[in-house]
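Before any comments, here is the structure.
Order of writing sets the chain letters: A, B, C and D. Residues in each chain are counted from 1.
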Amino acid sequence: MIDKRFESAAAAVTDLPDGATVMIGGFGEAGSPIELIHALIDQGAKDLTVVSNNTGSGRVGLAALIAQGRVRKMICSFPRTANSMVFPELYRAGRIELELVPQGTLAERIRCGGAGIPAFYTPTSVDTPLAEGKETRVFGDRTYVLEHAIKADFSLVKCKRADRYGNLTYNRTARNFGPIMCAAAEIAIVQAADIVELGSIDPECVVTPGIFVKRVVHVPDPAHESRLVAEGRSYP
Amino acid sequence: MSRENDQPAGWTRLQMAERAALDIPDGSYVNLGIGIPELVAQFVPPGREFIYHTENGLLGMGPTPPAGQEDVELINAGKKYVSAIPGACFFHHADSFAMIRGRHIDVCVLGAMQISREGDLANWSTGEPGAIPAVGGAMDLVLGAKRILVITEHTTKSLEPKIVERCTYPLTGKRVVNAIYTNLAVIDVAPQGLAVRELAPGIDFETVQRHTGTRLLPTR
Amino acid sequence: MIDKRFESAAAAVTDLPDGATVMIGGFGEAGSPIELIHALIDQGAKDLTVVSNNTGSGRVGLAALIAQGRVRKMICSFPRTANSMVFPELYRAGRIELELVPQGTLAERIRCGGAGIPAFYTPTSVDTPLAEGKETRVFGDRTYVLEHAIKADFSLVKCKRADRYGNLTYNRTARNFGPIMCAAAEIAIVQAADIVELGSIDPECVVTPGIFVKRVVHVPDPAHESRLVAEGRSYP
Amino acid sequence: MSRENDQPAGWTRLQMAERAALDIPDGSYVNLGIGIPELVAQFVPPGREFIYHTENGLLGMGPTPPAGQEDVELINAGKKYVSAIPGACFFHHADSFAMIRGRHIDVCVLGAMQISREGDLANWSTGEPGAIPAVGGAMDLVLGAKRILVITEHTTKSLEPKIVERCTYPLTGKRVVNAIYTNLAVIDVAPQGLAVRELAPGIDFETVQRHTGTRLLPTR
């Protein structure tokens, strides 16, 4: 029987090794899988490469993982946001690497990682410092940059509803990077606010087909990052 | 099914499908090609659950619906009526082939015109002038699925071997086949060559070798 | 006010010019926009390049358009199917060109056409006749073929439900090429069995966002191609 | 808003946003950058309907919800609470940037640090050592949207011109800006140069030229 449910966030992340590339969903706090990230903090893996649009805020969630010195390198489009101080500190101190990628290129590199496309051409970043050192090529009358797919060993994603096959739906703009990060990872781990019976999700409305998901954890009442930050909380 | 007098019978088509199904692990995502491969769906071994993918946009394909309940817009890659199981989902073609090309399909079972000693597969065109070439999703599947099983009669109707030293028909993919299920034997494409893993009842190795266009390694 | 509804299929296709590249949705008859194709037959445009997975069946729909000698070239993955005789006849007579593309490559080339990606690399077709003459490149330990995006002047697509913004949902496996063909066309024309009020389609379940659709035509009771073929019908 | 004594006032930020909105055609799909551009949404001219795209996965973005009805998972690209209008839809990031890169967005309104005579835009980094570079979706938007409008104060707070011969900050995109809306004027990036199309009330051409780092073409 196919049953991708895991009993806890802790159980779902036990085998994530040092040095892994980990994609973490979310755009700001929307879609950030804070309980899975905290489980990863408890678990102890280090020397990680993290792919995520931002770098977290305050001292919880992704920012806490970074604060623990567990992230060797960030691949993201927007590493500074309101209430983000952990990453800037470490970056200025030369203690964390940054690969800055335009947001659409980041999204497409992740999508290609899941879709078996090793590389593609995009107009984005041509004639800017972010294209420096990259191969360019003219198609028609425009110049494009060659960009490579990103794949992950693990992805941590937050969704709204899941079934035991791993079919997912999301909540509004929390969808963001979730579907493409599930597909781009060897092992996608998803925290779901609801776990429902097979067939409860309309097959026309499944956003992430279960084939892209390996593990599902029930987190019925996920924390709000902004609330934790406002309360001055830190993790652990 | 009638056969030429001098062709040994071995397994029936249904038995070939059943034998292949036995080698598919529990929990696999499986894509079934048109023809004999479609029969595999009838033989899910007890205790296992497979999820069938059809490249025209459905994961969780179920059996042929009862007469009168067909929907012309719920079909498989062979354009036959199918159903959708609870837990199924629909998606568009680019997403469907992202599943294939991105190596998310565990097993693909396909038919064959020729298979070479090294696992090259030809199953889309005879290359004859005047033939209308049609490839569909075969080239994506053979390179995308993690494991490629081929189910085929061991020879053509005129007893020409289909398992050959080198394919003479245009290739679908090079070094892509993992195992071959024919009416005579189960054959693995191994690094050292084509290895007969299992013989059909009443079939001996020499008989299989005689109907094969390349040297086989004997049963272990 | 944004209102993409057109009064009829005929009105929606009037400006489709000779020589246009036209994408036509459908996989077999599922999703084939037969009423829009018939309107295009009536309209008269010729010398078309048609991108569609198949070539139609019998003498209705896409097969009828081809039978009228209006298609210069087909780009498709599977030009022969049960009951397809029009294309094979013309092809053998040298009266129609064929660009045969593996189905996944066809889908990705169309998706890239809509997504502003001019070209990408794929493993599909490497070492086969369909890669002959194409540029290859090694990434990691595998060889890939360079493939180019396809864009269309017009797309003809069938959907289940649409609103006046052009948001669409589909019926089951009739979804197939619809969403990517809408995005890849300058002007996507869609026939919808139902046209509903804004807000009637759950925003989580919209499959084709309206931004990809220019014209919507109400076709409440679309014909079944297989039924017309079984009845021996032909168009016009 | 207070200004330095020697800087002419001209339009307020709200008026700049209103002026830009006037140039957006009915039926446009519009992406609004963070800052002054966000104000454009308040000024849809009578009889027109715009659909707002936010790159984090929403088409049909509506206004700030009433207090108490915010959803931390319904935000815009600036991470502010928004709402969804009837006819809205949600999608993932790759689809969202397919809309952008694929040239489906009609108009994008952005802020600027510098704009060059040829329409080059710099708006993501000062390039200073120690600064944390952050680009977001700006580079995708400037090359993807069909028309790029920039809304900005005509000069920096220290009265340095932002409209210059050549950008000294790292570029967001080259030759991408179509029109500039400042507190002093509306300026088109035309083939022959920067053409002043309209002056703010009480502002003359010479004043605009004096606060600009490159030669302007006079009002037609």
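Worth a mention:
Everything below uses one rule, namely that contacts are C-beta pairs under 8 Å (C-beta built on N, C-alpha and C of every residue); 3 or more make two chains touch, one makes a residue touch a chain.
None of these values were measured; they are calculated from a predicted model.
Here the spacing of chain B and chain C, counted between their Cα centres, is 29 Å.
Centre-to-centre separation between chain C and chain D, using Cα means, comes to 37 Å. One inter-chain figure worth recording: chain B and chain D are separated by 56 Å, centre to centre, where each centre is the mean of the chain's CA atoms. Residues of chain B in contact with two or more other chains: 84, 90-91, 94, 97, 100-101, 144.
Listed for chain C are residues 108, 111, 115-117, 122-123, 170, 172, 203-204, 207, each touching two or more other chains. Because contacts link the chains in a way that matches no line, ring, star or complete pattern, their graph is best described as other. Which chains touch which is summed up as A-B, A-C, A-D, B-C, C-D.
Residues of chain D that touch chain C in their complex: 26-27, 29, 47, 49, 51, 53, 59-60, 84-91, 94-95, 97-105, 144. The residues of chain A lying in touch with chain B in their complex are 1-2, 111, 113-117, 163-165, 167, 183, 197-199, 201, 203-204, 206, 209-212. Across the complex, chain C is touched by residues 108, 112, 115-123, 139-140, 142, 144, 148, 169-170, 172, 202-205, 207 of chain A.
Of all the residues in chain A, the ones that touch chain D in their complex are 27-31, 53, 77-82, 87-88, 91-92, 98, 100-108, 110-111, 122-130, 170-180, 207, 224-226.
Across the complex, chain B meets chain C through its residues 54-58, 71-75, 79, 84, 90-94, 96-97, 100-101, 125, 127, 130, 132-140, 143-144, 170-174.
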